[in-house]
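Two complexes are shown next, each including chain A; its partner changes from chain B in the first to chain C in the second.
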Partner chain A sequence: MSHFLRRQGWVTGLFALLIVLFIATKLIQPGYGSGDFGSLARAVLPYAFAVAAQTVVVIAGGIDLSVAAMMALTSVTAASMMAGASEEYALFVVPFVLAMGFVLGALNGLLIVVTRVPDIVVTLAMLFVLQGAALLVLGAPGGGAAEWLKAMISGTVPIPGLPDTIDAWLPKALLVLVVCLCIVWIPLRRSRLGLSIYAIGSSELAAFRSGVPVARTRIIAYALSGLFAAMGGLALTMSTGIGAPIPGPYLLASVAAVVLGGVALGGGKGGLLGPIVAVFVLRLVRTDLTLLAIDPNVTAIIEGLIMVAVVMFGAFITMRGRQ
Partner chain B sequence: MTTSPLLDASGVAKNYGAVAALRNASLSVLPGEVHALMGANGAGKSTLVKILTGAIQANAGRILIRGEARDIRSPAAARRAGLLPVYQEPSLIPDLDVLSNLRLTGTPVEPFRAWVRELGIPDLDLRDTARDIPLAVLRVLDLARALAVEPDVLLLDEMTAALPANLAEKVLEVVRRQGDAGRAVIFISHRFVEIAALCDRATVLRDGETVGVVDIVPGIEEKIVELMLGTRIVKTQVARSASEKAAVTPARPRITVHSLRVGTKLSDISFDLWDGEVAGVVALEGQGQDELFAALAGSIKPSGGTIEVDGSPVKFAHPIDAIRAGIAYVPGDRSEALAMQRSVRENIALPFSAALRNWGPIAMRKERATVASAIQRLQIDTRAQGEVQRLSGGNQQKVTIARWIAADARTILCFDPTRGIDVGTKQEIYKLLRELAGHGKSVLFYTSELEEVQRVCDRVIVIFGGRLVDIFPVEEADEPALMRAAYGLPRGAKADVGILADPQSPSSGTIP
Partner chain C sequence: MSSTAITPAPVPLGRRLKRFMADRPLIPLVILLVILVVILQILRPGIVNERWIANTIKFAIPLAILAGCQTMTMLTGGIDLSVGTVATMSAFIMATQVVNQDPAVAFLLAMMPAVLIGLVNGIGVGVFRVHPLIMTLGTSLIGTGCLQVYQRTVIASGAKIPDFLAWLGTGVTYGFPNALLLFVPLAALIIFTLARTGFGRLLYAVGDNERATRLSGVQYWQVITALYITSSVLAGITGLLYIGLIKAPSLSLAEPLVLPSVAAAVIGGTSIFGGRGGYTGTIIGALILTVLTTLLTILQMPEGARRILFGLIVLFVTAAYLRIVEER
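Right after this comes the complex of A and B.
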């Protein structure tokens, strides 16, 4: 039990914070209901995938600045392919776009490993390349999306036997998020590959000496990041029905949520759950501040302060725990 | 009964750019033997070990394992070939727990547990994160992890450095039994005592070449030292003339420590340090010596007691306060003291050139002259002076001391400066410390090797469990007396040391 608390303490704390925020939301806006929660889940979806993409790489001791650009490129690719095409064609588009993200991510990793140029430089360069490529694919927001894809994240999950009032709190977007992340993350976490990703982030030398193929592991970590980013791109297309070539605010948001989610920027520490909960926290804070009719510029300042305060508080608790 | 070697490496060479780390090294290890690999700093021991374990690739040479040529391209390949190293630094992934670390290397858990118990750690929780485990225990875990897969050849690099006596004893015992079981162990150590007790043969490297393979028989030490150094050296007991000491006895001590207390680690420590003396500090691992040195160096604040420098009380809030008072700290871990990517010159000049109040350009000519004289005085090997990280351990240690000589510090706190460096450099450091004392400086010298006390110190301060046990004049500080004191027994006590060794965990063994 003490082990569980020590490991999951941060995530538990974040969950508590999230619940407090929900209560605050309900107090500010007594009418806050299942519909609002559904739109929160939909709004969170692309952010959550961006965060997952960043988390994998940060745990492996790196950083990926190309996350948002990758999302933009995959989003416009999907949108332009599906524009005017049949519903069934989308069945081909989805795996194609996911594979594209995976390969581009692997390319990131390969460049870092082979050229030995620092990751921050390689992925920054990749940011510009992908941004340009996205504009070549679609010069302006446009394209389309299959109806069944759009339907996948709108509405709620009807679970037989449960009353509608509970069903209403289970938006499909949340289910899509959980399923997509679990399919990749849970097998990974239990495999030797997952351990290797943590190992190279924690200490590259020790990992090398333990027989971990460091280069290959790093490439795979970036490839997984690309895969998650592609999921994020698809989520964008699914929720808007089009593709937008200009990257959204997902890069800095992903780094923020990674930090808030208890993943050490130096690598080796943390999990996926923390950052995902952190995304919800950050989004909900924004919702609350909007509901309070606070100047949007002040909102940004408050978000920044909350992040610093939470991370400092966490470090303080950890230090107290050690003594 | 086969006599063909388990491991046979010959003609191994490795160049780093223009610098040849290994020219023509060979090493042949028979089944059932514990084989010492010896050499002065920079002789190429570490390079040879890295090649044998797949961490780096040789430029030339042939490695046969059980008579078969093997290409060892990675640590994983070395592992498959039956070659397993235990490096000087712990190799567990710091952020993973022990169990995940075992999973990562595919080490079976039960044999690992058995070895850990065998090696004297009865209560290990496999779910502890490696980062939270003390250094000495981590080293033992590294060894247990290697033993658990039953390697044909085990490579131990300075395994017993940094181990407290009780754990070291267990480790040596287990290593000896590996040899008896028909496996082979390559043992790298700077401690002749261990090598004499443990090893069957020794291969000696000098300047990247194998210069001799000798059987370990009584009295072989002279021969090995001779091989390592290339010329016959006279075994010098560093001379201390009593007159020199008497001549400079000043009116008051340089530093007076009174009832010093640091958290729970150190309590009620009082002693004086005089100009012109080397005062030894002897303690087992983690008895509060780290905190004592840190408090004197100004890097932690004591929670009680006083420190007086030249008779006036001081409170150090920052290392700069200690440095201004002329007190310099040379840490045991060289990477704590050096800017590894910077040059030898910059590292030596740092304390006296980097003061913020010195606006304007650095007086380069003066700096160069000071640095050059310090390099000269310590005979630092400057072939790779562009980056300190490329120097050998012994030369790095010299740089950490040289900077304080260049900065003309009056008191030097040396924390285990000879850990893991070769005999030749050790001798130079002993001589240097005596010289410093001869020039009226004071030196506080913590050492984990008891034999150094007789060579260097004038007095010895022994700490156990955060308390002062005794202060010996050097004449009475022979190794048995120090060992007893280090285990908390003052002079004259005759109780059995073994039982009192570690009151917290009675099963953790006895000392020699």
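Right after this comes the complex of A and C.
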């Protein structure tokens, strides 16, 4: 148990912070209930996928600046394909968009490996490219989403045999998030590939000398990042019903949550659970600020300050660790 | 025979071209600029005249100053993505404050956020060692938030463009844009600072080998903080110039200039990894991008395609420079 706590100390602390925040929320707004939790889960969804996308590449020792732009592109693609189309057509759209994210992510990795330009420059250039592509797909916010997709994240999960009061605290959005992340992450974590991703993040040279295919692993890490970003884009379309070609504030949020979640920016350390809990923490802070009747624009400033502070703190820790 | 020893072995043309470009990066840039202008002239005969040149220079100047911010930060291996927000903030504050205040007071108020954001950027990058990209992105988000809050406090008072800024931004005297009055001394100052002063040398040194620079007694954080404040102040000045040119204050005034400013510095031969480059190339890079934008507008290329093109330019030019450096 103590071993578990030591290894998962950071995540445990985050969970404690989350619970404290929930209690604070309940104190600020005694009426905070299951419905509000449901909307929190829905609000977290795109952020959580953005963070998952960032986490994979950061663990592999890189960084992906194109996450938000990738989400915008996949979102507008999904929205413009589904606009006016039949409900069944969406069954084809979803895998298509996911595959698109995977391929574009792989392209990121391929460019980094082939051109040997640092990841930060390649993904910055890709940010421009993907943003442009999103504007080409859809010039202004618009498009549509299939009803069953929208229904997938609204409401709660009906579990037979469970009283309604508990049932109400299980929003569908949370289930979608957990299922989507687990489907990719758990097999990955248990496979040789997952180990390779941690290995190249920890020390590329050591990994190379131990026979890890560094280039291939890096490409796959970026491809997985693209896949998660595509899920995030779909989540955006699902929750808003449209697609918007302008990337949201997901890039900075994803980096902040990764740092807060205990994933070292140098790579090789951490897991997916920490960053996901961190997203909930960051979003809940926002909810609390809103409940305190603070002007939404001021909320945005405070949120930005928190994220910058978190990133500064993370960089400081990394610097200390290196010395 | 000895003749084989005297004449050097023939170097392949490609290698020679690369060497030439690495040694004199300005010449191919100027050639590229001329080619673009010639293409423009062919597509629209007669478009290239005195008025067009003045116009192009007018629009290239704000871009060139912002690209100067990128050039200086890139020399240290950084980047400043907050320039767009800073320029917008100073422009917006100037336009709204000048209604009730003395222009000099309005100017000081307008430059305040620039200095502040530069200071925060500098401390974040220099002291806490946050990656410049993340840091400047964060401060630009905060700045945009502040601007939105500010906007509602002045919504009643309206905005106006000071005559002086309009004259500076749009005016043309004897065929020369008035903005050159600001730009020429500024550019000379930047070039002089980078090439001849200790501060400029320090920027190159930090970008080239940060560890060695620190070990030789340079206070890294002081250099970086001074750099980011300078960059922010330049961005603020650009904002004032740009509002005189565009004449419509908005909350996203200078945002569209951010990506091109990075691209202009990269095209101009400044290495995004630090230690290589200069401002002269950047100015030509800004001119090239402005002409390219005109060209793309004439070809009716949409905004999206333009962004894609800028992204690809950054990627390919960086990759090309990397190859050239590696070959040496």
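Quick note on the criterion: the second predicted complex is superposed on the first by the 292 of 323 C-alpha atoms of A that agree within 3 Å, B and C clash if a C-alpha of one lies under 4 Å from a C-alpha of the other, contacts with A are read in each partner's own complex, and residues count from 1 in each chain.
Simple rule for what comes next: contacts are C-beta pairs under 8 Å (C-beta built on N, C-alpha and C of every residue); 3 or more make two chains touch, one makes a residue touch a chain.
In this text the structure is predicted, and so the values were computed from the model without any measurement.
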{"item": "Chain B versus chain C as contact partner of A:320, first or second or both or neither", "value": "neither"}
{"item": "Partner chain(s) touched by A:118 [first = chain B, second = chain C, both, neither]", "value": "second"}
{"item": "Touched partner set for A:131, first chain B, second chain C, both or neither", "value": "second"}
{"item": "Touched chain A residues, chain B compared with chain C", "value": "C"}
{"item": "First (chain B), second (chain C), both or neither touched by A:305", "value": "second"}
{"item": "Contacts of A:252 with chain B and chain C, given as first, second, both or neither", "value": "second"}
{"item": "Chain B versus chain C as contact partner of A:206, first or second or both or neither", "value": "first"}
{"item": "Shared chain A contacts, counted only where both chain B and chain C touch the same residue", "value": "none"}
{"item": "Of chain A, residues touching chain C in the complex", "value": "63, 65, 111, 115-118, 120-122, 124-129, 131-137, 139, 245, 249, 251-252, 255, 265, 295, 297-298, 300-301, 304-305, 307-308, 311-313, 315-316, 318-319"}
{"item": "Interfacial residue positions of chain A with respect to chain B in the complex", "value": "3, 192, 195-196, 198-199, 201-203, 206-213, 264, 268-269"}
{"item": "Interfacial residue positions of chain B with respect to chain A in the complex", "value": "53, 55, 74-76, 79, 85, 87, 90-96, 100-101, 103-105, 127"}
{"item": "Chain A-facing residues of chain C, complex", "value": "120, 124, 128-131, 133-135, 137-139, 141-142, 144-146, 148-149, 152, 259, 262, 272-273, 302-312, 314-315, 318-319, 322"}
